[in-house]
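Look at the two complexes coming up: chain A is in both, with chain B in one and chain C in the other.
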Partner chain A sequence: MNYLSSLKYLYYPGCTIKRDALEYEEKSLLLLRKMGIELKELESWYCCGALPSLAIDDIMSYVGGTRTLIEAQKLIRRGDFNGLLTLCPMCYNVLKRINLVLENDPDKLEILTEYMEEEERYGLGVNVVHIVEVLAGNIDRLKEIATEKLTEFKVAVYYGCTLLRPKEIAIDDPENPEIIENLLTSLEVAIVDYPFKTECCGSYHILTNRNIVVDRVKRIVSSALRRGANIITVVCPLCMYNLKQVVKEGNKLRAMYLSELLVHLVGDR
Partner chain B sequence: MGKAYEVPEGLTIMKALEYAGFRFIRGSGCRGGFCGACGVIYRSPGEYKLRVGLACQTTVKDGMHLAILPYSPMVKPIYRIDKLKPDLGTILKYFPEIVRCVSCNSCTKACPQDLEVMEAIQAIRQNDIARAANLIFDCIMCGLCSTRCPADIRHPYLFQLVRRLYGKHLLSRARHVELRVKEIVEGRWEAEFSKLMKMSVEELRKLYTERKIEGGEK
Partner chain C sequence: MKEIVRKIISISGRNPFLCYQCGLCSAVCPVVEYMDTPPHKVVKLIQLGGEELKRIKSIWYCISCMACVDRCPRNVGPGILFEAFRLLTLRRGIDKVDLGTLENIDKVPTIAVVALARKTTG
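Take a look at the complex of A and B:
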């Protein structure tokens, strides 16, 4: 896994980042720049579809993601990039799973290659990474620039689902992930442990039945609150949107993107 | 259409149909590949693919099966452009189908203008209205991409909205045009015009040939 300590990545923003999570992008890019990690946004990129298709013959839903991987492949050939970085866990999940499907099922890669006749063949070589992995892989760089102490913060980490499931693509132990806690602990940020850090927020049920989301988020948030958290940190725009159905401005508990929290730590509010 | 006709080699589909005795009352316009009125769908012998093109720009091939599309049916949204915000939210309100794009690229392959249609749809998804507007500036609204789109996107009207949003809200205003319009309204050029209006054809011709041409002054 030594590619994670590399300093030059291609960047795939994803559609949600560009409209509904602009502050997540801004803080993340600022943080990585301060850490000396260079990003280059893909010249062309395509909607990943947000959810991986689970139907076995639904190859059409892989087309957008595969095109993005091919774009990355072209740039990796020309430059010294070690992977394709994502901010949105859903993009991470979909791209990573497309890699997995195509690796394990050469027929599908063949069909896609035939179908995308105007494109070059995808050679399966693009490492998809999530920003959390890059941050955790470069803790020393973070420590170097972390000038502030966040003594007032008591942080509950909320992972959500798509960074951890299925286990083949998980960035950490899917049952008991600690990658973000370890990162924050080493930066002397106080962590609050609670049992719902991998509980689903309700995801796209927000579109059809808001109550499902509100019920689930209440459970997650009240548990974090009971254990003394005043920050709940997330890495997913959809988790954030859903948490904000319950967590409002001025509440005792604030919802904050991990990047925003870390930007506080490097003294750039 | 649906019947066999013998036509000379090298004709465009439009001319071949006229040669065969058809007279166009729809599905024909500028005859120069610019108006987008003469969309045609066809299959060639030995080829399984359904292809599209403009009848005035595509030459006939032996054994070709074809049909002219008089119009690409789609519902047109009504809006007040000056009241809209130039962003993805606005576009999703009128064209929610764009999120169904699976990047199949059928639209790009159908485009007789060789535009990067799929790139434009994705640019809209990425909230980059300016990039999208520039990518589809040369759209002639023939609707052929829409006939091939599995997501049922209404490209002509969508792109029209994108260009309007870009022109109305994102491009900087042309101050020189406003100033010139003001001059005209205030009558600054009235005397000059009435002088011209009274001139004979010979005088006008002399004036025209002797006019100053930008970069060409002696």
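Take a look at the complex of A and C:
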């Protein structure tokens, strides 16, 4: 896979990062700053919709995401940005899929453009990236600043769904992703392999069928534990919330955002 | 062709008649054990177009994780047919979930609420 290596990105936080995952944002921004990667937050942005509609006639559901992409397009034209970075995998997933649909179906882009009455049309091609891709693409910078050793950590990586499916927008091989494991291994962090790293956590069933989430997460977590993990690392605020239904403070296994884990490696000042 | 089947095809853009019942969708579905009818059987019932279709609850358990869509060897994409199926209800203005009754709505990450609203309300 050809990783990205530019050092200046626009940043699209999305609703959840600003309301429910402030510590994830804080650690991620700190980490990128230490790596010499500059971010500029979008001045205005819209909810992406979290899950895109799968219907072929549901063009309305692309409006929010497309408006955000147009905001990014304006700034990219003026500045030297290499793409639009997201921390939330659901934002990543939706924006990538809107790009994909509109690139493959010019009629939909036409209908959307007519409908939205934005000051400019979306010209396609805003490069949406997830923080994991940027970290993996700049591993040398990470190695340079990684002064600490985490010898006591045995890390199970949990990817969840939205960075890997649908496969057209996956950040790595959707059946056997290794991008985060490779990143951690090159920083001398011990990895634990287990079979459920791309299994769904139960997602929004947390609102209506909590038992489904608990069952799913128990399966994922117990497998990681059996293989000797003491950290399970995630990149999605909803996966994190769902994992914490089972993984509690003081347990043998801790749930930790990837950014937080990496900040431990580089020291937090 | 039954009207309900014609609509599912037109909303999803997928062809349920290509399904050869391999069952891969049901094997990879993370919520199959909570469903009244497993995904491959729902596709079969769509092919048959019978009255049973209206009683299927499975479609409301599907969370659009795309596991079955990515792996379907016939490009039927059961998860996409499920979305069309849900929309047949939601587009009549019928909500499947009353968001006002959810106890933990202000505690969960916002994406959970938005995703639930997108998939279960019209």
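Keep this in mind: the second predicted complex is superposed on the first by the 264 of 269 C-alpha atoms of A that agree within 3 Å, B and C clash if a C-alpha of one lies under 4 Å from a C-alpha of the other, contacts with A are read in each partner's own complex, and residues count from 1 in each chain.
Operating definition for what follows: a contact is a pair of C-beta atoms (placed from the backbone, for glycine too) under 8 Å apart; a residue touches a chain by one contact, two chains touch by 3 or more.
None of these values were measured; they are calculated from a predicted model.
With both structures placed on the common chain, the touch criterion links A:T147 to neither chain B nor chain C. Shared-chain residue A:E118: touches chain B; no touch with chain C.
When the two structures are aligned on the shared chain, A:G49 is found in touch with chain B and with chain C.
Once chain A of one complex is fitted onto chain A of the other, the partner contacts of A:S61 extend to both chain B and chain C.
By the document's definition of touching, both partners, chain B and chain C, reach A:R19.
Touch criterion met: A:R165 reaches chain C, while chain B stays clear of it. Touched residues of chain A, counted separately for chain B and chain C, are more numerous for C. Using the contact criterion defined above for the overlaid structures, shared-chain residue A:R216 touches chain C, although it does not reach chain B.
Within chain A, the residues touching chain B in one complex and chain C in the other are 15, 19, 47, 49, 61. For chain C in complex with chain A, the touching residues are 10-13, 30-31, 34, 61, 63-67, 69-70, 77, 79-80, 83-84, 87, 97, 102, 104-105, 108-116, 118-120. Residues of chain B touching chain A in their complex: 87-89, 99, 101-105, 108-109, 118-119, 122, 125-128, 150.
Chain A meets chain C in the complex at residues 14-16, 19-21, 47, 49-51, 53-58, 61, 88, 90, 161, 165-167, 174, 199-200, 202-209, 212, 216, 237-238, 241. Contacts from chain A toward chain B in the complex involve residues 13, 15, 18-19, 44-47, 49, 60-61, 63-64, 67, 116, 118.
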